[in-house]
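Here chain A shows up in two complexes: once beside chain B, once beside chain C.
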Partner chain A sequence: MGRSAATKDAHALFHSLRSAYAATPNNLKIIDLYILFAVATAVIQVAYMAIVGSFPFNSFLSGVLSCVGTAVLAVSLRIQVNKDNKEFKDLPPERAFADFVLCNLVLHLVIINFLG
Partner chain B sequence: MARDLGILVIVVLVLAATCQSAVVSPVSESHRSAALELFSPAHGSYGSLEETYEALKTFKVLGIEKKHAIRTSSCASVADTLKSTSSALKDFFDALRVNSILKCELNSEAVRGTQSRLKDSLNGASSLIDFYYSIGGLVLLKEQMSEVDVNLGDADRIFRSIKALGQSDGRWRLSSNNPESSNNAAGIALEALAGVISLATPQIDNSWITTLKNDILKLFDGIERYDDGTYYFDEKHVGARGHQSPLSSSASVVRGIAAVAAATSETLNLPGEKIMGLAKFFLGVGVPGSAQDLYHQIDALSYLENIRESTPLILSLPATVISVTKKDQLKVRVSTLLGSPAPTLSVRLMQIFVSGSKDASVIDQELKFDAVSGMHVLETLPKNIDVGSYIFSFEVIFHNPEHKKTYVSGGRTRVLVHITGVIKIDNAEIVILDGDRGSVENQKKLKLPGDNAVALSANHLQKLRLSFDMSTPFGNAFKPHQAFLKLRHESGVDHIFLVGNSGKKFEIILDFLGLVEKFFYLPGRYNIQLTVGDADMENSFLQPLGFVELDLPDAPEKATRPPPQAVDPYSRYGPKAEITHIFRAPEKRPAKELSLTFLGLVLVPFFGFLAGLVQLGANLKNFPKSTVPSTFAILFHLGIAAVLALYTLFWLKLDLFTTLKALGFLGMFLMFVGHKTLSHLASTSSKLKSV
Partner chain C sequence: MAAPKFAFLLLNLISILPLLVSSFSVDRPTDRRILVLLDDLSLKSSHSLFFSSLKSRGFDLDFKLADDPAIAVKRYGQYMYDGLILLSPSTERFGGSLDVEGVLDFVDSGHDLIVAADANASDLIRNIAAECGVDFDEDPSAVVVDHSSYAVSETEGDHTLIAADDFIQSDVILGNKKIEAPVLFKGIGHSLNPANSMVLKALSASPSSYSTNPSSKLSSQPPSLYGTAISLVSVVQARNAARIMISGSLDMFSNRLFRAGVQKSGSLNKYEKSGNEQFITELSKWIFHERGHLKAVNLRHNKVGESEEPSMYRINDDLEFSVEIFEWSGSSWVPHVSKDVQVQFYMMSPYVLKTLSTNGKGLYHTSFKVPDVYGVFQFKVEYQKLGYTSLSLSKQIPVRPFKHNEYERFITTAFPYYGASFSMGNYVDVSTKYMIELQMAGFFIFSGVYLYNK
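Up next, the complex of A and B:
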């Protein structure tokens, strides 16, 4: 009895979240997808390292941090671009995107240098 | 052989310096061959006229005939020098010296010119060297060209000027500004003064000759001496003409004295002992190594030989090692310095001293003169002379009493002579004795010297005895310098023992009980080696006799270890073993297939992203349509692609600095283009909003 109630609640929660998410604008969804992609890549790299050992540790770090770094930058882009966010009302989204691109480029320079 | 003798003589001289047994030998073939070797002309001439003169004089004294080619080139050189107006005073002097030996044909005009030059130089001379060259030149001219008048009118003034440079100790200074005096300069001054005497118009003051005699005696007061009776002149300071060796200084003085002796008919009363000492000095040099030294030696010896009143005679021994076994006879030669025969005389052996002790025996035996070889022979050795080293003392007795006044023989001449012989060794045997009772356990006879290979064995309670008898060819006892018995263990440790003697019997007893500790308790095979030797023993030997197997007790705890043996130098200093370096094992790399699988797996999220984009309905609708903005947009994307390509290149092969430089340019471009694009997009979207 309790179990079915719990699952029913979980289902209800899940549905409500899903419908709420569907309401988000498309550009934010694209950014979310990008973040997902970056994190997935990071997870696969960690799994690989778990299998073969961390011998060129710098390469591992470089790879994982590139994914994590770009995910973080995408998160900050999402925050800035989100229209519901009152703090960044005056910031044009193009400007945020330009920052995103610039920071990514710098991040990747460092990553490539550290890759070895 | 003669050169070896010369070297042996020098060695003997050195060894016997303290006991006055100096043996020198007269000028011999070795001097002649040395002269030919040292004075070999380069391209037909000797270089300068001075060198030519030295060569010619040496050959003349030694009696060596030289080739005609030298004569022509030298005569040409002489003629050129005498004719030339630019010749220096020294050149005239050298040319005239060479001519005195070669006797070339000279141009009478050149001769007159030379004479006037020499006379002018003499009048203006102030230094000793100038006086020497000008007077010497005039003397030589007078000898060679008797028709030329070179007599000096103002000989008195010249004599006084030269004398003014003399010092009270008999030496001379080279000039009035030079305070240093030397023997070398004294020799030059004496030659010059003798020249003045011979050139002066017949009225010469006798007081001059007396002055010269006194100068010579004063000079002899400053002579130096070695313990073996050799006298020589040396310089205290380095003079203006560079360092003069005792050989050149002594030769210079001898030349001066000879010149004075030749210039006057009076006797100079030279001290005979010192003349003999000088002769010994020149002969004691042996055969000099340089041309100039040979010239000085031979020149001085030729003058000493011809000194009227004290001609030295040399007593020499061709061989100082006499073998009793070969029945050699002791031969003595008495000759003049240049090797010419002496007047009739006899040699007596006066005394014999045993070398190294104070024993002496008076012999007084006359040596028989063998006219064929020109030697005095000691036919039989005195009775009590056996194998060993002795100093023989000889004396020369002249047959004609007049000769005693004109010849100098040097009194008693002492010579170190080695009498050698084959020493007989008999009754040699090696025995192993039983310790307590002394009974013979094992006895082996030995043949000494000869091949022996005994094989003995002993333990530490036994003794080893080696004994033999030694006697000289005359049957007397003989004690050699060396009599050693060496036992060498197989590991290389040596033990050396002295073999003592009583009279003729030599014996050594090794008591192993007492030697156990000395032998470091090492048991095993010991090789036996006997060494018997002496300088006068013709059959000295060093021989292995065989081995003895020693059985020694075990070493106690505190026993000394045997000394470490010398390490084979190649093993210590040679190359060492190769070092194999152990590296850290390389990290295990994953399998290639696994890596490639994961490469594929990593790309999967990317495709997932693209798929998701399509599903979301992402489009390029907002891409600018009109030309300029679209160009900028395209450029913007291209710029980003270029940066990413730069990063790939950076990873592949570039370095940071090139990358940063390129990145700078690309970045600026990208900024510009990006700004344009994004501002265009911003304005478009704001237009849409406002609309």
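Up next, the complex of A and C:
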């Protein structure tokens, strides 16, 4: 009896999360998709390293760091752009995006240097 | 051989690392002065054929009675003889300053030794032989008896005179010519210490022989030495190239047996002359370094295409290696030709092991690729062939890894990482610095145009 109650609760939880997420604005959903893509790419690279070995270790680190770095920057962008966030009420979203682009530029400058 | 060539060889010899070579003058390894210790001066005449063959080959023989108080092999720390022949089986103590230790030191310093024992061998001779890895039968009255391989003779019927023809298979030790007639042997037998890897049987007894006292009744226990475990003549080649011959019979060297005809029991072949003279002569040539003495010179290595020896290699370099090996022919150094000299590129274990090819004139060479591991390696040539002196050469060389600008520009295994960072928005490529310069130039031009435009 307890088990079916637990699964029913899990189902209910899942559905409520899904419907709440459907309510988020589209621009945030795009950023979320980008973050997912970045993390997935990082995971693929780690799996590849586990198979092939870490020979050009600098390239591995550089590749993983580029994915993780853009994911982190995208997360900050999402925080700044989210209209429900009181802290960044006065920040124009274009400014946030410009910051995102410039930080990415610096990140990728470092990445390309370390890629070897 | 002209003197300049000798000097050239000597100079090259100095320029290489540890090289095990005989203790005599490096460019003439054959012994010259030999001390012969006898029990009885009549041996000089009864064994004169043996001694005269040695003298005719250029040796200086110094005959002394074994208990002569003037015997000294060493004076002021220098050895006065290059070889020692002990034909004194019944001597209990040598005269002068020579004893078991003295004989062993003599051999340890690279000199050669011939020892002959007999039916009355004293403890002194037995001890010397035991130190060389040869164990005579403990029973002092035992001799080797063979009831199916004895020499047919009218006078002796107790089968203690054996006709042996089980020789060691080695052209270096016994010469190119096959010894047709069996060798006559009358004396005691010995066995080889199984732990010793340097002692070899030059002449072994037939499977039907055994060691016993011929005049007493056979005991109920089987004899301790029998069959092919009995060695009649053994040779030892030490690691410092000293050569030792130990024979269980003094009569084997005598004129009587040199000249005797021999017919082995059970065979119809009757030989006019026994094989003793040929066997003893050829074996003494090997013992006194007239044959089978090698030297290696000129161990060189260089990168393919260069001629200088570098002080360091890089991984995956191509290199060439060469060494020259010569053999002493008794009067000069001739090239040694062999198909099985190998070189190892060694660091704790051989990473590369290659057989060297020869040009027939003593030059052995090969080329290979340095392995993908860095560290301090050695070129090692370890050559140990039956009957030849062993060569143990090594030369150390460090191997470094790639410098960071010696890798390929784009490493194949890293393409996924390149692709991942490209997909993340990294569109800056290799020519970044050119783009940056272009940008800066564009910026200056733009500012100039903008500022100075009316």
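We adopt the following convention: the second predicted complex is superposed on the first by the 116 of 116 C-alpha atoms of A that agree within 3 Å, B and C clash if a C-alpha of one lies under 4 Å from a C-alpha of the other, contacts with A are read in each partner's own complex, and residues count from 1 in each chain.
Convention: a contact is a pair of C-beta atoms (placed from the backbone, for glycine too) under 8 Å apart; a residue touches a chain by one contact, two chains touch by 3 or more.
If you're wondering where the values come from, they're calculated on a predicted model, not measured in any experiment.
Once the complexes are laid over each other on chain A, chain B and chain C cannot both fit and instead clash.
In the superposed model, A:11 makes contact with neither chain B nor chain C.
Residue contacts after overlaying the shared chain place A:70 against chain C, while chain B stays out of touching range. Residue contacts after overlaying the shared chain place A:83 against neither chain B nor chain C.
When the two structures are aligned on the shared chain, A:26 is found in touch with chain B, with no touch to chain C. Within the superposed three-chain model, A:55 lies in touch with chain B and with chain C [touch as defined at top].
In the superposed model, A:115 lies in contact with both chain B and chain C. Note on the chain A alignment: of 133-141, 151-159 or 295-303, the part of chain C that runs into chain B is 295-303. Residue overlap on chain A between its contacts with chain B in one complex and with chain C in the other: 38, 41, 44-45, 48, 52-53, 55, 108-109, 112, 115.
Remark: chain B residues 587-590, 594-595, 598, 601-602, 604-606, 608-609, 612-613, 616-618, 640, 643-644, 647-648, 650-651, 656, 659, 663, 667, 674-675, 678-679, 681-682, 685 touch chain A in the complex. The part of chain A that touches chain C in the complex is made up of residues 38, 41-42, 44-45, 48, 52-53, 55-56, 59-60, 62-64, 66-67, 70, 104, 108-109, 111-112, 115-116. Of all the residues in chain A, the ones that touch chain B in their complex are 26, 29-30, 33-34, 36-38, 40-41, 44-45, 48, 51-53, 55, 92, 94-95, 97-98, 101, 105, 108-109, 112-113, 115. Against chain A, in their complex, chain C makes its touches with residues 407, 411, 413-414, 416-418, 420-421, 423-429, 432.
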